[in-house]
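Before anything else, here is the set of structures, which you'll find just below.
Two complexes come next, and they have one chain in common, subunit A, joined by subunit B in the first and subunit C in the second.
And then the complex of A and B:
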């Protein structure tokens, strides 16, 4: 077992999907154990692949393990599909298979009694399989197919409770918004293929390094690729689907936000970063710019959101923006490190929120509060997640965030760095608000608090495991820790593109970020403690600002307006066309009388048949005229 | 003048079809013992026999009397059209039994239409192709108006016929111009006359070309020659709608591709952008108007217009790769579309309804049917896993290679639009509330056909290599002269 068999990792959950869909009804427990067993096996397999990779990773010239098969070939046209394993892949595999396993176990408790229990596990398995395929794909075509698969499964899962109108709407919104990016991705892939003549990622790199693409051409192509990442990873301006996607079951949100779907965009950019670097610097500046915008708007929107899951969703947008900024600053290491630790604390936050919702059946912050004494375990683990997200030493988020800040300071101008530091403060502020309003002080709805209690072990055990990881996983940055686990060194010496990045302790950044994080917490405490009087007063004082934030910068409204306008105008033109030229005397039977009484009349006076013939003649005449003009 | 080859046996599949058609008419007239349903299965068997017989000429390359090619291209389309005939007969069996009179003529006409389609793909001379085209069209005119007591069907058929006659006249006028300029109606001779220096070619040539594009555009339903499609589709009996959507497009494109490769190939740089413009108009209009439709037949009619737009990309990007990409997409599209139609037919047999709103809650009443239709629709919209993605992707690739990346861009965007209206149907089936909760009965022959077709959709989508090779080999046989004559095709 090793890298050659890496294809088994996605194949197992895919098989679980098939089994549960076909015979799940007849299996005990509707086949949930098949799904969990498959993903657990994938997780175990991951270690074999890892061990195999560690054996060869030190060899000079190692670029990754590959196994591919011929898929299509005719004439001199050939497409190979295959799987590719390198350090970035390994990190993704670890994150995806582990978080998926935790979420699946948690789901057993959370989804119990749902009428579509079996279907839920089937789609979750397919979702994970698609994501794992995406990660392992050695070529852009397979990557795109898996990419679409992820999008489609997310459509099914976000709209899982499709009876709820909001859920159906959110699913549609997510699907359509991400598809806009996907159109760009496909065009980008076609552009890359057109010059290089291959879909294979490493061959495309070689081709690009040999100067095969023109600089402008490559820039346009990678920007199209990035459009796909913008859609999938919820970057501004396509971020609008992500907060709405909260309508799905909470474990789905956890999986989408922590390990699959949204990090696919980050992974894509990380994987293709050599192309971004070869392109005009504009490309990476766009990545940085959109990432930074996302960081800032999401953090501020998080301040005003009132739904517990929505706040966490904004925190995800925030984190994704940070990863994009890291990539924009040329650092795969920092982005992947953040992705790695983020998966743990974000899954933890979501599953914790899920426990709260499960226990109280409330998810508005205004109806929560004071849960700490009723749900101690959830509170403690959630606190760990919150602190990790804020980036308090020594929790995982601290190390990753400082890495990103470090590379921003080195790679970007002072403005970007300053805005990043500002975002640290705001993030801390809204995360503190979330925690205080949910768990501390008086309950604002004592009725629901009365029944609240920590959930069953299937749900709490994953919380505990994730909390431990959210606390300690940041230590992988130290070479000592990495070496102790058999890696060639710390995270930066294992995951890198061109040269190893040893971890440095930058005291200035550490102090700055800690001060800002802790400052945010203190200000947050003052604002939202007890009855949150200062916060309310601030909200009233800056009513316009608050409204802008609460309405998400009106971005959704603008889109709605534009869509309404475009669709209305477009559809009115189309329906005019339809009614006046095609449909009116079309085959709706209204012409039947004329037809039976004397159909000649119809074609001489009322029928649209002459119009049809007119269209045909004018088409021919226009063609002929253009020929005449072009040729003469 | 070389000796013409009059080996009559080369046309055996067509003889079988014609004879079988005659036998079916006679049987239905004089035998009371054969039920209407059995007649349908019998006709399907005839189409299947002709299909199998045509396999005798695999890897053959000869011609009949200098006007009909018997090569791999012909064989592939004989098999393809034959199978379309088989599925059309199977899908009709119950429908005809329940709703139509004169089953003998109905099935005979389907078989004759297959003969016409075969001729269109096989001809190597324009007039022969034209006569085949008329045989196909006449059969379809009658079939579209076959629901005698249904005004919509009569009206649709009549419109189709009148406009068809109109467009045939346009086409023939074009043939006249071409003959005047090149002195021949043989593709190869036209191609030869047009190769070399094209600067002194008479303007009459381009008028002829415009007229022929118009005539062919009508047959394949390209915008702005598409207006008959929604009416004919909506009026026709459902299985005939499926049949028209499949065979008239497939035969039209088989002819279109062959003619424009072998006869007009040398002028490709002159007409490429015209076809590209038609492709854009067709993709955009077909997909946008489809959004507005409430009737499933009209929706599928417009979506098929959109598909024609994608197929035209293959002609605009003319090259051996683009040619096989076109045929491949044609195959994938027809399999998928027939699958979708068979699902709709089964639904209609039960309910007699065809509005999209009537599909509400189908998933609860007939899970297999809803799932199959969903798969077919996803494939039509070009989702990965299914045939539609692979074939469309290869087609767009061919376009990108021919410096028509923008055209591929339009195609990608329009596929995205198309997903929207397919999702509307899917949402109805899965989210909508059914009127009644009764499960539908299970018609095994139809479900068998659906399972086969869906299997085909997945086969092409997941493991396309065999189909690709087959299509590529077959299409190569019409491109042999193309490369020599024009030399414009750069082999990558």
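And then the complex of A and C:
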């Protein structure tokens, strides 16, 4: 067992999907144990793959373990289907298989009694299979197929409660918005393939390093690839779908819209970073710019959002932006480290929010509050997640965030660095608000608080495990910790683009980010403590600013306007053209012409034999004459 | 040896007479007889060309035999049709048999 068998990891959940879909309703518990068993087996398999990788990772010239089969071949043209394992893949595999396992267990409690309980586990399994395929794909075509697969599962799961109009619309919005990016991704893939003649990622890298692509061509191609990442990872300006995606069941948000699918874009850019490096610097500047914009707008929008899940969705956007900035600063290490720890604390936050919603059936911050005494376990774990997100020492988020800040300081100009620091403060502010408004002080809806309590073990155990990981997973940056677990060293010595880097304490950044984080928490406490009087007063004082934030910078409004006015006008013109020109004139017209011609011509058939004989003979004579003239 | 032109002129005359008959006559029997004339004109052409161009093989002669055989079969079929027509309409005039039209 090892990297050669890595394909089994996605194959198991895929098989679970098939089993549950076909015979799920005859199985006990509608087959949820099939889904959990499959993902648990995948998680175990992951360790075999990891052990195999660790055996060879130190060997010089190691680039990754590969196993591929012929997929399509016609003539000389061949597409191979393959799976590829290297350090970046391993990090993603760990995140996806582990978080999926936690979320599936949690879902047993959360989804109990749902009329489509079995279907939920089937689609979740399909999602996990697609996501793992995406991670392991060795060629861009398979990656693209899996990319669409996760998008489709995301669509199904956001719209899981499609009887609710908002859920159906959110699903549609998510699907269409990400599709816009996906078109770019496809164009990028085809551009890379057109010159290199292969979809294989390593071969494309070799081709690019040999200078096979023109500089401008490559820049355009990677920017198209990045468009796919922008859609999937909710970067500005395609971020609008992610907050709405919260209409889905909360475990779905935890798995798909926090820990795995939305980081697929980050993973794609990290994986293709050698190409971004070879391209014009403008490519990575675009990555940084959009990432930074996302960081800032999401943090500020999070300040005004009122739905507990939406606030966490904005924090996810914030984190995704941070990862993009890290990639824009040439650091795979920082981005992947953040991705790694983010999966734990963000899944934790979502599952905690799920517990709150499960217990109170409320998700507006204005109807929550004072839950700490009723749900101590949820409160404590949620607090760990919040602190990790803010980046307080020594929780996981702290190490990752400082790594990103460090690379931003080194790799970007002072303006970018300053805005990043500002975002640390705002993030801390809105995460503090979320926590205070949900768990502390007086409840604003005592009725729902009265019967709130911590959930059953199926839901609390994943919370606890994730909380522990959210607290300690950041220590992987230290060489000692990494070596103790059998890795070559700390995170930076395991996942890197060109050369390994040992983690170093950067006291400036540590002090600065801690001060900003803690400052944000204090200001947040002053603002939102008790009845949140200062915050309300601030909101009234800066009413226009508050309105802009509350209305999400009017970006959704602008899109709605564009869709209503431009897209629908355009489509009505096209539909008029189709109806009148293509259909009525072209299709119906040619049919009518044939009918008319037939009507006119049928009167020439008299039924009299001599007429036909005359027509045949004169026809032959004319043909003969024509033949003679042409020949002569 | 008789020049080939003579045969070709003969067959052309025969063919033209047959064609005139087909076009000008109204009696089904006479039209059938004219068709036979046209077929025999073609047969003469086949035989003449066969003898003049490649006397050592029998391709053209065989074709002539085929034409005769098929003409015999065709006449058998056509006479049966004419007979049915006459039984139904009490006439063999093809102008009367114009039911097969729009």
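The rule is short, and it goes like this: the second predicted complex is superposed on the first by the 571 of 632 C-alpha atoms of A that agree within 3 Å, B and C clash if a C-alpha of one lies under 4 Å from a C-alpha of the other, contacts with A are read in each partner's own complex, and residues count from 1 in each chain.
As a working rule, a contact is a pair of C-beta atoms (placed from the backbone, for glycine too) under 8 Å apart; a residue touches a chain by one contact, two chains touch by 3 or more.
Keep in mind that this is a model prediction, so the values were computed, not measured.
When the two structures are aligned on the shared chain, A:627 is found in touch with subunit B, with no touch to subunit C. Of the two partner chains placed by superposition, A:523 touches none, neither subunit B nor subunit C.
Between subunit B and subunit C, more residues of subunit A are touched by B. In the superposed model, A:610 makes contact with subunit C only, not with subunit B. Looking at the shared chain after the overlay, A:54 reaches neither subunit B nor subunit C.
Judged by the touch definition given at the top, the superposed model places A:148 against subunit B, while subunit C stays out of reach.
For the contact definition in use here, the residues of subunit A common to its subunit B contact set and its subunit C contact set are 603, 609, 613, 617.
By the touch criterion given at the top, residues 19, 22-23, 26, 31, 94-95, 97-102 of subunit C touch subunit A in their complex.
Put simply, subunit B touches subunit A in their complex at residues 151-152, 154-156, 158-159, 162-163, 166-167, 170, 203, 206-207, 209-211, 213-214, 217-218, 224-225, 227-228, 230-231, 234-235, 270, 274, 288-289, 291-292, 320-321, 324, 383-385, 389-390, 393-394, 396-397, 400-401, 405, 408-409, 412-413, 416, 419-420, 423, 427, 430-431, 463-465, 468-469, 471-473, 476, 491-492. Those residues of subunit A lying in contact with subunit B across their complex are 70-77, 141, 144-146, 148-149, 152, 162-163, 168, 172, 175-176, 179-180, 182-183, 186-187, 190-191, 193-194, 197, 570-571, 574-575, 577-578, 581-583, 586-589, 591-592, 595-596, 599, 603, 609, 611-613, 615-621, 623-624, 626-628, 630-632.
Those residues of subunit A lying in contact with subunit C across their complex are 602-603, 605-610, 613-614, 617.
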